[in-house]
C-alpha cells in the first residue's frame, strides 16, 4: 500500500486511472477507514486530496456556492452564507455522524459512498446541486441526482473524481429542509429520510418544489409526483396528504436490521410532510 | 511496504514517527509516540474514546491516518493539564464523580474542551448533542453533563 | 432435626416432597444427609447449592450452624453480575 | 444475627463525597487499561474465528501460516490441557473450538506475529476444513423437538422429555396452591413476552498481555473483573500450577458482568508458551460483539390473577432462556427473582435453558432478573390498567416486606421495598402533569446480591498512615469506598488511607467482582481487618502502659484507657503507635479472610415518563427517577452513579439494543453503529433518591447497589409506552417499527 498526498486534481486523476480500480480517494476518511478496518477494501494506493488547492474552500459563484470536496460538515455549518441559502443541505451534512465525524466528513464523500441512506444526498438532490467531475478527459458537471447508480455504485468513469459540489442561487422566498428518522437522537444511519426544497409565489403558495427521499430505494429518489402534489398549494391538509401518498407510492425499500418496508414507507411520508412545513416556514420568514 | 516519515506536533511539542501507510493516527499516537490516553473502543468512529483535536477540529483519531498528521497540530488528553495543574474540566470530572471506569473519560474531556472553546456557556441539550459521539456505558451521562456545566461556569469566571 | 424446603423441581428426587426433614447441625451435614437419603438430589448438590438460613443466603460455608428452629431453604448456587 | 455496629449519625467519613484515588490518573490519560501495557519483545496475537454458525471442524492446517515470515506461533485447541471438569471444558472450548464451531465468531486458532499486519495475514493462511451443520438461534425454535442439536448429552436429570436435546436445565420455584389462587381472582391476564439478547457494551474491548518463560512461570496482565478467577481458569486450561501464574488486573474499562470469565487469556498464554515471547491480544469491537458473552434472550409466559381491589391472588410464570452454545444457569436466577417484590400466597415460577448457536452468555448486571421482572411487571401493570387502579398503590398492597416468604423460598429479613415505593409515591415526579402522547410507567426491581470469598490486608505504615491491599478490580469507585470504611473504623482521615488492588501472588483468593459484592464483602473484610489492627495496636499500648489489653479502647484514631480505673494515660495516636512499632514488636497489620454471607437483597423502584411520536413510533424518555435502597450509601456519588448507569443500560435494552441474527445465523449488528446503546442526547437527567434501610448483615448496614438498577427500566418503559401510545408491547426492544406497527394495527 502507498499513501500519496496529491498536489493537483490532474495528479489525483492520473493516479486513479493508473491504479485500475485499486486506489481510493481520501478526503474525510470517515467511510474509507471504516471499510479498511473491516477488510472490505484493501486499497493499493490512498490518494489524499485535501492538499489540492480549492479542496478545503467554500467560494461564492453566480449567487450560489461551490464547496470543495475536502470541506468537512462542520465547516459548512460555520458558513453563514450557505446556511442562509441552503439550510436543508447544511442540515443533512451536519447529521452525518458525530461531532468528531463532522470535523472530517464531506458531502462529496457522503455522495461517493453511494448509500441510499446518505444524509447529505437527498437535500443536495432536492437543491438540484451539481457535482464537478475531473478526470482523464477533463472536467464535466453532472447533477448530484445522476451520480449514484445503485447501492455502492457510481456513474463515474475510471480515473474520475468529484472535486466540488455547486449549490445554485435561488429566489429570495425559497428554502429547504431535511429530516431523517433514526431510532436514537444521533449516531445512526437514516432508516428513512426526506428533503424538500421549495420556492414561494407572491401569494405565499408554493410556486416550485423538489422532494427527494432517502433510504427507501436503491438510491436517493427525486419524487416528481410529490412536488406536483404541493405546488400551487399552501400546504393545506389535503396537499400534505397528497404529498405523503405520493412519497409512499415512490418508496421501494427493503427489510433489514434498521427497518421494515412498511415502516420506511410510512415514515418517509411523515418526514416529507414535516420537512415541507419546515421549508415553507423558512421560506416565508425570508420576506 | 515502506513506512512513511511523519513530522507533527502533539500538545505543542514537535515529534516524528514512522508508520505504515494504513496505520491510523490512533495507533501512531499510542504505539509509536506513547500517548496512550486516547483509547480504541470501536475503531469505526462510533464511540469517541479516541477523540483528539487535529488542527483545532475534534476528530476520532481512529478515522485519521497517521500519514495525514504531517505538518498538523494535534492535542490529546495528555496536553490538558498544565504542569501540576489540572484543566478545570479535569478537576470538575473528579469533583463531580463524572467518571466510573474512566475509559471514555479522555475522549470526553477532549471533546468537552473543544465544545467550550466554541461555546463557553452551552445548555444541557447542547452538551448532550455535542457529546453524542462519546459513548459512556457506566454513568448514564448525568454526572458528565453536570461536570461540564460546572467547569464551563468556572472557566467563565462564575462560581458554580 | 431440621426441616429443609427444596425448590419445586427437586420434588421428584425427594419422593414428591418439597419439605423434608433430616438430622443435621450444619450445612455440610445437611448436604450429606440429603444426598444419603435422596440420591436423586446428588447431581444438583454437586452442581452447587446455596443455603438460606433464616432468610440469609450462604453460598458455601459448610460449617454454618443450623438451629432446630431455623428456617432452612435450599437454593441453586448463584454467580455472576 | 444483627451485626450492625455503626448507625446513622455515627459516621464521619462514610456518607461523604470524597475524591476517588484513581481520579487524576483517569482524567490525565495515565491510567493503564488492558491494551495500554507495552513490554520489550512483545508479539501481537490475533484470533481466527468461525465463518459458520455451526459446523464440524474436519481439520486445521496451520503450516502456511507458520511459514509466513514474522509469524512466531500458532495455537489451536490441541494446545490446551486435557480437562475433565465439564464447566472447565466448556470454558476452554469457548476460548478455542474443539470438534465443532458452535457460533459465528467462535475462536478456532490463535496466531502470534511480529506485528498486527503480519498476524492478520497469517490468519488468512490457516486452512480450516469445515462441514457446515444446521443451526438455531431462537430460544423457542431451539427447544422444539427436531431442532438442530447444538451439543448433545448436556441435559440435567429433571428436564422434561418433550423438549429437544438443547434444553439443558429446568427449575421450578414457588409455594401455595396456584389453581386455587386463580379461582379467587376477579381478573386473570396471561401474556407471552420476548426479550432480545443485550450486550454489556463496555467501552474497553478485552485485552491481555501474557508472558511465559521456559521455566513455566508466567505473568498475565488483563482487564478482568476477577484476576483470581482468571488464574484458576488459565492455570487449569494451560495445566500450570497456580503459584506459577501471576495475574494482574489492569484498570478496567467497564465490565458489568461481561469480564467475569476468560476468552483470549488462555490463548495468549498458549501463544507465549509456544513462541517464548510476550504476546498481547486486543479484541476488536466486532470480536467483542460476536464472541464474548452477551446476556440471554428470553421467551416467557406470565399469568397473574388479581382481585378488583388490587390484591394478587396467584401468579404462574414460565421463563425460557437461551444462553448460547454452552449450558448456563441464568434461567434459574430469573425464575427466582421474578416475583421477589411480591408477597404472594400462591406462586409458581418455572425456568428452562436452551442451547443455541450463539456465543455463550456471560453475566450482565443482575443476570436473568431484568427479563423475568419485565414480564411480571408488565402483567401487573396491565391488571392495574384493567381495574383502573394506581400502579404504586397496587404494588404497595402486594409488596414483600420483612417476614414475607419470598417466592424463591426464604423469608425476608429487613428489606427496603415498601420504603422505596412510598418514596416514589411522595416524589413530585409521580404527581407531575403529563402532556399529549406522554405516559408514565412504574416498575419494581430486585437483585439478590452476593458476598463470597474475600481477604483484605491492612498495613500500618511507619508514619501512621494505612495501606489496604484487596483483591477485587475497581469497577465503580470501590477503592474510594474501601478506603472510606477503613478510615471510618480506624478514626483517621480518608486521605491517610490508600487502597490498592493486589495481583494474584500478593493476596489470598478473592471471588470475582460480581453480584454487587465488593462494597459489601470487601468493605466488611476491611472493617474486620481494621479491627484486627486495632486489637494489635491496643495490645501494644497496653504493654507500654503496663495495663491489661482489655483496659485499652480505640476511639477516633487514638488508643485510650477504657475508663478512670484503667489508669490515667495520655491517649496515643495511630501515628505515635506506628512510629514506635519496631520497639513494641514489629510491623503492625490487620487481616481478615472470609466467605462472606448476609449480603442483603436490594430493591428499587423506577418512574419513567416517555413521549411517543404517534406518526413514527419514536419514543423519547422525558423524565426519569430512580429510587433504591442502598442499605448505607458509603459514597453517595458512586451509589447515584450505579443507579443512573444501570437505569440507562436498562433504557437502552428496553428501546433499541438487540442482537440481530440473520437466517444464516450471522450476527448482523456487531458494532456500536447498529447495536444502539443510548447516547447522551437520548436521555433526560436521571434523578436519584437513595434510601437507607440498613442491611443487618454488614457492620455499617451496607447493601450492594450495582445491579438492581438495570432491572426496572424494561417494564417501566413498556408500561409508560402503553400509557402514552395506548398500545402495549410484549417484546423488547420496543424499537420504533414495532411501536408504529402496534399503533397502526390498533387503527
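In order of appearance the chains are A, B, C and D, and numbering begins at 1 in each one.
Heads up, the rule we're going with is that contacts are C-beta pairs under 8 Å (C-beta built on N, C-alpha and C of every residue); 3 or more make two chains touch, one makes a residue touch a chain.
The chain lineup, named per UniProt: A = Xanthine dehydrogenase family protein, medium subunit; B = Xanthine dehydrogenase family protein, small subunit; C = Molybdopterin synthase sulfur carrier subunit; D = Xanthine dehydrogenase family protein, large subunit.
Fair warning: this is a prediction, and the values are worked out from it, not measured in the lab.
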Between A-D and C-D, which chain pair is linked by the larger number of C-beta contacts? C-D
Counting only Cα atoms for the centres, state how far chain B is from chain C in Å. 54
Rounded to the nearest Å, the gap between Cα centres of chain A and chain D is 44
Report, in whole Å, the distance between the mean C-alpha point of chain C and the mean C-alpha point of chain D. 26
In angstrom, rounded to a whole number, how far apart do the mean CA points of chain B and chain D lie? 29
Residues of chain C whose C-beta touches two or more other chains: none
Which chain A residues touch at least two other chains? 37-38, 185-187
For chain B, residues that touch 2 or more chains besides their own: 1, 20, 43-44, 46, 129, 131-134
What are all the touching pairs of chains? A-B, A-D, B-D, C-D
In the complex, the residues of chain A that touch chain B are 1-3, 5, 26, 28-30, 33-34, 36-38, 46, 48, 50, 72, 74, 97-101, 103-104, 185-187
Touching residues (chain side chain D, partner chain A) in the complex: 284, 286, 615-618, 655-656, 660, 668-669, 672-674, 676, 678-679, 681-682, 735-737, 740-741, 744
List the residues on chain B that touch chain A in their complex, please. 1-2, 4, 20-22, 24, 43-46, 48, 51, 54, 57-60, 62-65, 67-68, 70, 111, 114-115, 129-134
Across the complex, what residues on chain B touch chain D? 1, 20, 30-31, 35-44, 46-47, 49, 76-78, 80-81, 86, 90, 93-97, 99-106, 109, 124-125, 127-129, 131-145
Hey, which residues of chain A end up touching chain D in the complex? 37-38, 181, 183-189, 191, 257-260, 262-263, 266-267, 270
